[in-house]
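For clarity, chains are labelled A, B and C in written order, and residue numbers in each chain start from 1.
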Amino acid sequence: MTLFVLRRLLGFAVTLLLAAAVIFFLLDLLPGDPAQFILGINATPENVAQLRAQLGLDAPAWQRLFIWIWGMLQGDFGQSYTQNAPVADLIGERLWVTMPLAILAMAIAIVVGLPLGILAARRRGKLLDTGIMVLAQTGIAIPNFWFGMLLALLFAVTLRWLPPGGFTSWSEDPAAAMRALVLPSLALALPQASILARVMRTALVDVQGQDFIRTARAKGMTMGEAVWRHGVRNALLPVLTVLGLQFAYLVAGTIIVENVFYLPGLGRLIFTAISQRDLILVRGATIVLIVAVTATMLVIDLLYALVDPRLREGEQR
Amino acid sequence: MGKTIRVAGLAMALVLGLAGVVYAAPSEIRIGVALEPPVLDPTAGAAEAIDIVVYQNVFEGLTQIDQNGAVQPDLAESWTISADGLTYTFKLQADVTFHDGTSFDADDVKYSFDRIKAPDSLNAHKEFFADIESVTVVDPLTVEIKLAKPSGQFLFDIGRGDAVIVAPESSANNATDPIGTGPFSFVRWDKGSRVVLERYEPYWGKKAALSKATYVFISDTAAMTNALLAGDIDGTNNFSAEALDVFKADPRFKILVGTTEGETLLSTNNKKPPFDNLKVRQAMAHAIDRKALIDGVTYGYGVPIGSHFAPHHPYYVDLTNTYPYDPELSKALLAEAGYPDGFSATLKLPPVAYARIGGQIIASQFAAIGIKLELINVEWAQWLEDVYANHDFDLTIVSHVEPFDIGNYANPNYYFGYDNPDFQALIETLNGTTDEVKRKVLAIEAQTILAQDAVNGYLFELPQIGVWNAKIEGQWQNAPIEGVVLKDVHWVD
Amino acid sequence: MRGALRHPSLVLGLTASGLFAVLALVSLVWTPYAIADIDIGRRFLGPSLNHWFGTDNLGRDMVSLIMSGTLTSFVVAALAVGIGAGVGVPLGLAAAAWGGVVEWAVLRLSDFVFAFPAIIVAILITTLFGPSAINAILAIGIFNIPVFARVARGGALSIKTLDFVAAARLAGLGNWAIAFRHLLPNIASLIIVQGTIQLSLGILAEAGLSYIGLGTQPPATSLGLLLRDAQSLFLLHPSLSLVPGLAIVIIVVALNLAGDGLRDAIDPRLKQQGGTGVAS
């Protein structure tokens, strides 16, 4: 087990290191001079050169890569060119929006999606099953940003139940902060809940035909008891995998929905940074997103191994 | 699903309970603006978004520009100009304090200008202040500024956001914690979300009516529309014309259409063939249907221009008929220039709606005369590098928002690549002339030369379309300079 | 075919997606109006005989835009599937056939690629080369690679243990021959099913990327771009948003139904093999 965990951790570290290098060298090729952008359209070439030197843009690329990675290991992501503030702080502030949003969306998806999936599996072939599956098919197919806009129009503009967007910081008013996240997380959760419902249903239906359920039924359990006691637990394995993937992509998906609800999340930070050629900021923010994705995968892998000991032994994965 | 409904219900209860806090009380205002400033120090960046938040609210200069574009006293209560036009003596306001409590005097003025002119200064508009020879403290409330040569624009230039007065004690932190002398002091900046200002009680002048002002950053038009409709913001200084009809018939809102200094151009690389050929440029000018363009981009709110000059300026002359829309004539001119079948070119478009939509319309208008345009969307930073700095472009669409910036055409190294010695001499004369009547004659001559040379495609003056809660008054209708000036803004019943 | 007919969702899905595909292909040679045909004078027209779905903010015919936009969306998603399958399937097969170091390398590589969600790849490519439909193709395509690699490997592994493969190996066939002669034909159906699902995800992902300005650029159009352009006009001209929005929903549902149906029709045992991907 220890060996397994160590191997996964090593893989995690190598992935991140490679990702950092890829991001760094890709962005190093970027057109657009941040110094020119900061100083604007009327700046003199001397001014621009001076600022370039001040920002340390003159050092060779590999040296800057090394400095960057070394700094990140110590929690120093560098200084933003354009915002004149530490990148770590800028990203940190945004994570307080992006992470709760992703977690809330995931929670909604689980709370809504899994029961619906179980329900559909229990009523397999019945009207309820068909209804849930039609809903799920549609839920997957609606673009989340479009759904978000419709939600905003209904709940914010027409009914005025919830704010149309924006964010009040947690420290200032936690209730308002929570309220601001309701509509965006619903928009994000819709396709996720639909996927979960489908996966849960399929997994349960598969499980129902298997030996241990038959054994359980032979021992006198009703189908419902058997599925609940044994089936759901076994069906959770494929669901867990999908959950991991979903969460990882939810974090990235927040970027799109943030736009609809003008939320100060990581996505908007990245877009501003791109348009201002703030390379250090783009790098820092993308690597943070990649850490989030990779770390989720790691946690799922470890959980998986915990649930299903067979996986730790051999090769697989 | 039950859970979801309960969450919504809980949220609704919270909204109702906290309504007084969430929606602005009559002495507070929430303003939606499209762009978030990168920093809050107007002397350390070119971004218009900085001035939108802090100009005349947090920071003040010796002079100020009023909403008609005229120069008014501010921290300088009065001034005298020597007979040769070279020495300005400013009498300063007494009893002025910075928001951190330190006092304002002549030393701060000297410090601010020396800071602009210092070799390591990062001021975005150093060239406006290049002619300042010296700044001398005469006494704590008197400052003398000497110029190298007379300038008709000097009093205007020191009223810009780039020349606001800062204190040596706090200037280093102004980027994130701005400290000025204005009627509002800075409270907090939630990055990506909003900036909060509050009334500065010890302000030296007339106190602001608003006790608190919040700038909310909303880049998306649909989101801005929702925010206005839902009452999440009380107004915006510049709304996209396309969705304006949502508010037209709604008595809760009022629409203020005003002028800006933004001449929107089809900027042309005059050094690069075939655009170095006057006939080609004339052909392009004849191919532009300004009416359709203005309707398409600004829904009719833009004012057509025929040269590089703001229509509301007293020196303006209407030259929109120099090359009227005439596709047949365009084709003839192209044939004369040696391009009977037209040619292909690129059109680089920065990330603003007037450029992105205008580009599509121009491309379709040019296609009609055989000029095939490839549209290339670029971000601002790339635009600055490619187009502005390296002149690597054929055509681009951009709005030149500086007031009275016709002098750019006298710079042969400017990105237009326009090199006309006669024009350069004319601008030289104009800059050295202080007599209003003579200046007007010279300015009209300058406009006419540019129009006839068809240096750029002159499209329209960008409008400023404010959408506000109908109960808010005192906001600027026009935008003679970048800023959303709050000191006269107030609620009425 | 008789087998297929027993799956009504398959028929429905294939018919609907086929219909849109035909509409899209027709736009290559004919649309009612040219989509570059801008005429401000006739903008925001309601539905009429001349313009079935009306006209947009630039006076362009909505039917033409939808046809052309569907083509772009399909092409982007299809090329992304092409990239994903073209690179991913050989990798997955190699992993299954060789095992050992090759398998380890393929798995690590696919872990690595999984760390880059499509949107991050799109952000990186856009910062490099500016936004374009090609970005979207590459970003979604790269995202698809590990999906196909895993499906191919998983399918191949389960077949590898079957007798006829062992027999082939005893007969002296090498890894290459086994991979291409025996494994590939047997997982083809699996790949087709996954391809259908990735196609629908690709169409959604393209919409998302175009919506935030990282995908298709004017004067070309795509369903996502149409949604983006219509977003701020929703309260005034809802049909401009509803028409492309519903088009996306119908296409994606149709493709998913087709994918599910294919899976059931081809081999019910494969049901649990296909992953449920999540793009964006």
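What we mean here is this: a contact is a pair of C-beta atoms (placed from the backbone, for glycine too) under 8 Å apart; a residue touches a chain by one contact, two chains touch by 3 or more.
Values in this document were obtained by computation on a predicted structure and should not be read as measured data.
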Q) So which has more C-beta pairs touching, A-C or B-C? A) A-C
Q: Select the chain whose centre, defined as the mean of its C-alpha atoms, is least distant from the mean of all protein C-alpha atoms.
A: A
Q. Just how far, in Å, is the C-alpha centre of chain B from the one of chain A?
A. 38
Q) For chain B and chain C, what's the span in angstrom between their mean Cα positions? A) 44
(Q) From the mean C-alpha coordinate of chain A to that of chain C, what's the distance rounded to whole Å? (A) 21
Q | Touching two or more other chains - residues of chain A | A | 149, 153, 259, 274
Q: Spell out, as numbers or ranges, the residues of chain B touching 2 or more other chains.
A: 220, 222, 351, 379, 382
**Q.** Two or more partner chains touched - positions in chain C
**A.** 231, 234-235
Q. Residues of chain C touching chain A in their complex?
A. 103-104, 107-108, 111-112, 114-120, 123-124, 126-128, 200, 204, 207-208, 211-212, 224, 227, 231, 234-235, 241, 245, 248-253, 256-257, 271-272, 275-280
Q: Within their complex, state which residues of chain A touch chain B.
A: 31-34, 36-44, 47, 50-51, 82-85, 90, 93-94, 97, 108, 111-112, 149, 152-153, 155-157, 160-167, 169, 173, 175-176, 178-179, 182, 186, 259-265, 268-269, 272, 274-277
(Q) Give the list of chain A residues in touch with chain C in this complex. (A) 11, 14-16, 18-19, 23, 26-27, 29-30, 137-138, 140-146, 149, 153, 191-192, 195, 198-199, 202-203, 206, 238, 241-242, 245-246, 248-249, 251-253, 255-256, 259, 267, 270-271, 274, 282, 286, 289-290, 293-294, 297, 315, 317
Q. Across the complex, what residues on chain C touch chain B?
A. 36-38, 40-41, 43, 57-58, 130-131, 213, 217-219, 231-236
Q. Which chain B residues qualify as touching chain A in the complex?
A. 1, 3-4, 7-8, 11-12, 14-15, 18, 21-22, 36, 38-39, 45-47, 120-122, 124-127, 175-176, 190-194, 216-220, 222-223, 226-227, 229-232, 351, 379-382, 384-386, 388-389
